[in-house]
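Here the structure is laid out as structure tokens; the discussion comes afterwards.
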């Protein structure tokens, strides 16, 4: 199944820099793992924001929630999920 | 340049069926052309809506506007464009 | 997969009564078919509105979109879809 | 009476982990009690969010408010309630 | 059960004046019936709008929906329903 | 004059429990005074929220503001006021 | 009593020009009457919109509603009313 | 030039009372100065809110910004500005 | 004075093509006149929309309203105006 | 490429004055650099707000994101980006 996901990150302003750096480092590592597993084929930064838009390719909504909630920055994210389906005008790639 | 585009189509309820069919047929044809040119790599239907979310890969905002406004359904669409950039956690594919 | 679906129906005020009646009769029939297939376990009217909130139990987002777009009232609906997953506090029934 | 309820949880970022853990454990326990009493037949997590959508089957709005405000996480929740009624296309189960 | 109801009326501009007058006359008659039955204790016009805010005192959400959808202007209304309960600071009257 | 008033209370999460208790006790006392003066004939809790919807019967907007700002919880409230007038379909009570 | 009123006018595009002209002429006449009565001390056009912001000085919300609904353009207006009161920093004029 | 200005004040809940009192005292003083200069002819409190709606009569947007940002409460305000112009139905006063 | 202006055009779908073409031709002509007068220094199309964002350099809000309402497409536009002032970090050009 | 950018700054109220002053000084310096490079041709303050609207002239969305995120106040900004293109009614300057 395909889902469009938009994640907006809001770190508290009083979070110590080293805590934030550690979170971001672990976030990147976890993002790499999920990409290597083929579950996160599209990942783009939104220009001007601490946010991304992504496409996930997963077996189910259950799996998507497990992946998203495994991200170290998840407690600081506002996440919006849109279910996608094949478009009739899409060419076979 | 990469852009996320969401298009929501609203055909007037009193449009004759053959006019709508013709519009949709020409829309599909034009969508195929743009995809074949490598400009529209992601095209997905939003579940439950007459809408799509897409990624366009274009040279500029000027080109994106020309492509979008060349779609036969453009006068009936509500289009939202989000500029994207490389995400630092994205793996090379 | 489980999805929460909210459908809001807006029939044009100038639609002839018999056309509307026919649409509604066919809508009910199709709704019965989908329920009998076990795909639409929850279906409730929103108090005070020509709207429903529903839960669909489907194999995929693709199937959900096919079911929703097969409803005769679909062209007159505003549909919002929310992907659901198991809740950790849910008791086995 | 049937109500759709959406609960969105927002714990303060500076809440100590053990306080949050205790709140969540007590929340789960209370959720189980209400489910065992047959008052909370539908409980689903929203994919990607610390939120749920639920259906409550209660005697009145008074009872619903008592149940919701008895949840240990209630002070940290944003709760939206929608009154439901029987849908004319719903099949007897 | 008590419900706050806000009804906003939007008549199509091309509705003939006699049709609108007839609708409004029947609306008033039906509103009187429901008030006489003790089901509609509060009914106020919103200053500056073709809208009202009301309190209904009904047995259930089912009954409220039946009452609202029996109003001749119902097809032209946007209705919002809020479930109410006893307030702990309310004095016995 | 009649006004619909909706008050939503948001206490800071770090407010000490005794301070909050004291505020709430004084709020209840003041609410009783205003009700006894006949100025606050309708007061209902919104199901699922720390909020109320009320009708005030006052001499003027000046008086309403004085009453509302005399509430001990006023600094923590989001208050929305809607001016009301007699509805032409309202029966004499 | 003082009220801030914002009126946004939306004439149907298919209204014949002479009907619209007549409406506007009668609107102006009625607006002059209300101003001469001292009830409408502030009346300003919003730059770039077919809209105004106004202050009304009336005896009650009832009177304000009667004045507003007596305007020939009232059926084509979206009207928002905000109740005002004396500001503690306002100088005597 | 005429501008409608709406100012909503939000003081942090942990601001010491004497700091807030001092801010408010200086705010009043500055408001008096601007009024005496003839720049702030309309100033009203919004009923039920720590907010005002005002009309400023200034030479330019530059002057308006200087006046607004000179208010001691400015850092705690959410300010919305609407440009106004003469209304064609306005009577000479 | 400087103003940011966003204009969104919505032509009725049933407007005859020649009427629309004539409107657009006269719109362009008028836009050229205003630019030549030095009043409209910035004019950009929003990518994907029948909309523009502009900066106007005018003597007053009165002049801005006269210019905007002189545009042949004005009756079909939704216009939002934002008053601007010099930015302290702006370099002399 | 041309982009409209709106930046709204929200400094935490408990930020020490010298930290805020230092941030603002470095922000101004960096804004000057970007302007001198010809990348930020329009920069205006929004009247009444700690906000600006700007036009950036950049090679790509990537470059725009790098410029915006290089601003010292970026972590405290809410930034909205709108892609622009040539307007057909724009005169050659």
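Each chain gets a letter, A, B, C, D, E, F, G, H, I and J, in the order it is written, and its residues are counted from 1.
Heads up, the rule we're going with is that a residue touches a chain if its C-beta (ideal position, glycine included) is under 8 Å from a C-beta of that chain, and two chains touch if they have at least 3 such contacts.
Each chain and its UniProt protein: A, B, C, D, E, F, G, H, I, J = Muconolactone Delta-isomerase.
Keep in mind that this is a model prediction, so the values were computed, not measured.
Chemist: With touch defined as above, tell me whether chain E and chain F contact each other through largely the same residue numbers, more than half shared, or through different ones.
Modeler: Here the answer is same, because the shared fraction of interface numbers exceeds one half.
Chemist: Could you report, rounded to a multiple of 5°, the rotation needed to superpose chain F's C-alpha atoms on chain J?
Modeler: 145
Chemist: Hey, how far is the Cα centre of chain D from the one of chain J, in Å?
Modeler: A distance of 43 Å separates the two centres.
Chemist: What's the distance between the Cα centroids of chain G and chain I, rounded to whole Å?
Modeler: 27
Chemist: From the C-alpha centre of chain D to that of chain I, how far is it in Å?
Modeler: A distance of 50 Å separates the two centres.
Chemist: Chain D: which residues touch two or more other chains?
Modeler: Correct list: 2-3, 45, 47-48, 61, 64-65, 81-86.
Chemist: Under the stated touch criterion, can you name all the chain pairs that qualify?
Modeler: A-B, A-C, A-D, A-J, B-C, B-I, B-J, C-D, C-E, D-E, D-F, E-F, E-G, F-G, F-H, G-H, G-I, H-I, H-J, I-J
Chemist: Write out the stretch or stretches of chain D touching chain A in their complex.
Modeler: 13-14, 45, 47-49
Chemist: Which residues of chain D touch chain C once you look at their complex with the stated criterion?
Modeler: Touching chain C from chain D are residues 2, 4, 27-28, 31-32, 35-36, 42-48, 52-53, 55, 82-91.
Chemist: Taking the complex as given, what residues does chain A use to touch chain D?
Modeler: My answer: residues 3, 5, 12, 15, 61, 64-65, 68, 75-76, 79-81.
Chemist: So in the complex, the part of chain A that touches chain C is made up of which residues?
Modeler: Listed in rising order, the residues of chain A that touch chain C are 1-3, 60-62, 64-65, 81-86.
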